[in-house]
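One structure below.
Chain naming follows the written order as A, B and C, and within any one chain the residues start at number 1.
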Amino acid sequence: MSSLALLLQDLSSIEDPRLVEWDWISENFWEDIVPAIQGHIYLSFVSVAIALAISLPTGVLVSRYRKAYPPVTFVTGLLYSIPSLALFGILISIPGITIGPTPVIIALVAYSLLILIRNTVAGLDAVPAETIDAARGMGLTSSQILFKVELPLALPVIVAGIRIATVTIIGIATIGAYIAGGGLGKMIFDGINRGFPTMIITGAVLATALAIVADLLLLALERYLRPWARRRRT
Amino acid sequence: MSGILDVLRRPDFFELLRQHVLLSVAALLIGIAIALPVALVVRNTALGAALAVNVGNIGRAVPSLAILALCQPFLGFGFDTALVALTALAIPPILINASTGLREVSTDVIDAARGMGHSGGQVLTLIQLPIAAPVVFAGIRTSAVQVVASATLATFIGGGGLGELIVEGTQLNDTAILLAGSFSVAVLAIITEVGFGALEKVFTPKGLKIAQKRGR
Amino acid sequence: MKNRTKLIRAIPALALALLAACGNVGDSGGSGPSSEEGGGGPTITIGSKNFTEQYVLGELYAQALEANGFNVEKKLDLGSAALADKALQNGQIDMYPEYTGTSIVEIFKQEQTPGTPEATYQKAKELYAQREPADTMLTPAPFNNTYGIFVRKQVAEENDLKTLADLAEASPKLAFVLFSEFKTRQDGYPNMQKNYPAFDFGDFVIVNSIGGPIYQGVLQGEGDAGVGFTTDSQLASDELVVMEDPKSIWPFYYPAPVVRSDVLEKSPKMEGVLNEVSASLDAETMRELNAQVDIEQEDPEDVASEYLEEKGIVD
C-alpha cells in the first residue's frame, strides 16, 4: 500500500515542479514535442490510408462473394486478437524486417483490417435492394452503381469503422516507439527511463488528445453523412 | 522451434503467466464491479446514461500505454500500479455497453411488464437484465480481450506479465525468447476472445437467440 | 448524392497531401532535427543504447563530428547491446559507443574476460577486427563504468551488509530490482552467482529500464537491492549503500566508439575527432554529465553541447 501513500502525497502537490515542468515543455516544444506529434500523425495516417486501400476493395469483393467472408473475418480477427507488443515482436523476428517505422506500420494496418472490412460489408449490405434495382433500371452499369450509389450510401458506416480504426491505431502507435517507430510513445518511454514525469505526462496527454480529436472529427463527419441517425449502440 | 519450447519450460515462465492472468482477471472483475453498478444507477435517466456513455467513449480513446505510463509518476512501479491502470482500461467498454444496453430495452416491453403488475425491481431483474445481457456481455468480452492485451505492457512499469519475455527477447536479440513471449500472449488473448464469446452465447436468453436468428 | 462522390474522391487526395506534409519525418521523431549544415562532408549515422550515459556519449560524438564537417544522423535509443550491434552489422548505423567488457561477453559471447583494462580493450578490438564486416574499436575513454550492486540503507543496517558476500548470505529474503538483460547476461547476475554461490534472491523485480527506475524501485521499497552503474549519480545517494567487491568480479567496461571499418577508411579524420572527445572524459566528469540528465532533467543534447564548448572541442 506504499503506492496509495505516494498517490496521496502527490495529489496534494499537482503543481509540484517535480511532476510537470512547464519550462522543459516550452524549451523543447519545437525541437522535440512537435516532431514527436508529427511522427505520430505520420504513422497513424499512413497506416489508416494503407489499411483503407486494402480493406475497401476487399470489403467490396467479399460482400459480393459471401463465401469468402468467414475466412477473411477469421484471419483479420486473428490478427486483431494478437496484442500489439507481441505482433511487433513477431514482425521484427522476421529476417529483413528491422526495427523502425516499417514493422509498426505493418502491424497497425493489420489491426485495422477487421473493423474496416467488416464495416465496409455492413455498409454495403445496408443499401436497400430496391435502390440498386432502380439504378440498374436507369441503365447504370455495375461499376457505376458501385461508385455512384452503393459506396456513397455505405459511407456513414464505413466512416464509423474508420473512426474506430483511427483511434485504435493512434493508441497502438504509442507502443511502436519501443521498436524505434518514433512518435509520442518515445517521450513516454524516455520519460519512464529517465524518471522524468514531465515527459511521460506530456507524451501521454498529447497522445490521448490526438486520439480524442481524431475521434470527435470523424464522429462529426459520420453524423454529417448520416443526418437521419438515431443514437447508436456501440 | 525447440528454442521456443525451452523458454516455455523455464521456471519463471509460469510465474510470468500467473502474473499476467492475475492482473487481467483482477482488473476485469474490479472493472465490472465499478462499471455495472454505475450503469444500473443511470439506467432510468437519459442524461445519466448519456453521460456514462460519453465518459466511456473518452475513456476508450485513451491509449493503453498512456494510462499505464501516467500512473507511474503517481503510484510508482509494480504490480499494484499496473492493476490500477488496467482497471481503468477495463471500465469503458463495460460502462458503454451496460448503459446503452439497459437503456435500450424497449419502453414497450417495460410498459407491458409494468402493466402486468411487476414492480420496478422486478422489471429490472425479469426484463431489463436478461434482455440487456448479451450487450453487457459483449462489453465484458471486449474489455477482457483489451485487458489481456494491455497487460502485456505492464512490464514497462514493473508489473510483470508475459510482456517481460517479449522485452527480454528484444533486448537480447534472442528470437526464441521473443517468439515464446509473443506467441503465449497471442494464444492467451485468443483463448480469452473465444472463451468469452462462448460465455456470451450462454448468457443470451433463448428468446433473444431465436429473434437474432430470424433477424439475419 | 454529388457531394458524396466528391468526398470519396477527396480522401485519396487528402491522404497524399498530408503524406507530403509529414513526409519529412524519418526515424526516431524525438531526438531533435538532424543537422544538415555540417558542410558537404560525408554522412555518419551514430547509434546508441537506451540509457543516459549512452545518450550523452552518442551526443558528444555526434556533435564533435558535426563541428568537424561531417553530416551526422542520430539514431540514439537502439535498445540493448544486441540490438545496437545488429544495427551496426547491417549498416543501419555506422558507429556507436560500446564498452570493452560488454563486447567480449555479450556480443562475442566469450566466457572469460582478460584481467586488465588494457588487455580487455585489445581483445575486444581484435574480435571486432576479425569479423565480417569488420569494425574498429577506437581508443577507449579513460574510465571504467562497471556495475554497482546497492541496497537501501535500512536494509544494509538491518542485515549488516557491507560486501557482496554479505549480500549473498542475506539474499534469500530480499528482492532484487534489475533489468531483463542483467538477469541472463553472462556478466550479470550469473556472474554474481558464479563468484558467490550463495546468491539466491527471494524475489526479482524486473523493471525494463536502466538507471532511474531501478533506483526508484529500491528507494520506494519495491525491492531491497538493485543494480546500477558506477558512473550513475544516483549511486552516490545517502539513502543507498553500495556493496563492496573485494574479489573484483566484474569485467572492465571502458567505453569506446565502435566504427565500421569501411566507413572509417573513407573518413580517417573521424578517428582524431572521436579520440579527442574520449580522452577528455573521466569517471567524475561522466558522473557529472549523467547527473545533469538524470537529476536536473536536462536534455542529453544540451548537456553534450555545453560540455564540448567548455572543453574547447567545439566552439
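Things worth noting here:
We adopt the following convention: contacts are C-beta pairs under 8 Å (C-beta built on N, C-alpha and C of every residue); 3 or more make two chains touch, one makes a residue touch a chain.
It should be emphasised that the depicted structure is a prediction, and the values quoted were computed from it without experimental measurement.
Among the remaining chains, C is positioned farthest from chain B, on the basis of C-alpha centroids.
Distance from each chain's C-alpha mean to the overall C-alpha mean is smallest for A.
Each chain gets one centre point, the mean of its Cα atoms, and the points for chain B and chain C are 38 Å apart.
Centroids built from CA atoms put chain B at 19 Å from chain A. Measuring from the averaged C-alpha position of chain A to that of chain C gives a distance of 33 Å.
Residues of chain A found to touch two or more other chains are 2, 6, 189, 192. Touching two or more other chains at once are residues 76, 78, 156-157, 167, 170 of chain B. Within chain C, the positions touching two or more other chains are listed as 79, 83, 86, 209, 213, 216, 220.
The residues of chain B lying in touch with chain A in their complex are 57-58, 60-67, 69-70, 72-76, 78, 80-81, 84, 96-97, 100-101, 104, 135, 145, 148-150, 152-153, 156-157, 163, 166-167, 169-170, 175, 178-179, 181-183, 185-186, 189-190, 193.
Only residues 12, 76-78, 155-158, 160, 164, 167-168, 170-174 of chain B touch chain C when the two sit together in their complex.
Residue ranges of chain C in contact with chain B, taken from their complex: 79-80, 82-83, 85-86, 179-181, 183-185, 204-209, 213, 216-217, 220, 222.
By the touch criterion stated above, chain A contacts chain C in their complex at residues 2, 6, 21, 24, 28, 31-32, 35-36, 38-42, 45-46, 49, 52, 98-101, 147-149, 151-153, 155, 180, 182-183, 186-187, 189-190, 192-196, 198, 225.
Taken in their complex, chain A has these residues touching chain B: 1-3, 6-7, 10-11, 19, 77-78, 81-90, 92-93, 167, 170-172, 174-175, 178-179, 185, 188-189, 191-192, 197, 200-201, 203-205, 207-208, 211-212, 215, 231, 233-234.
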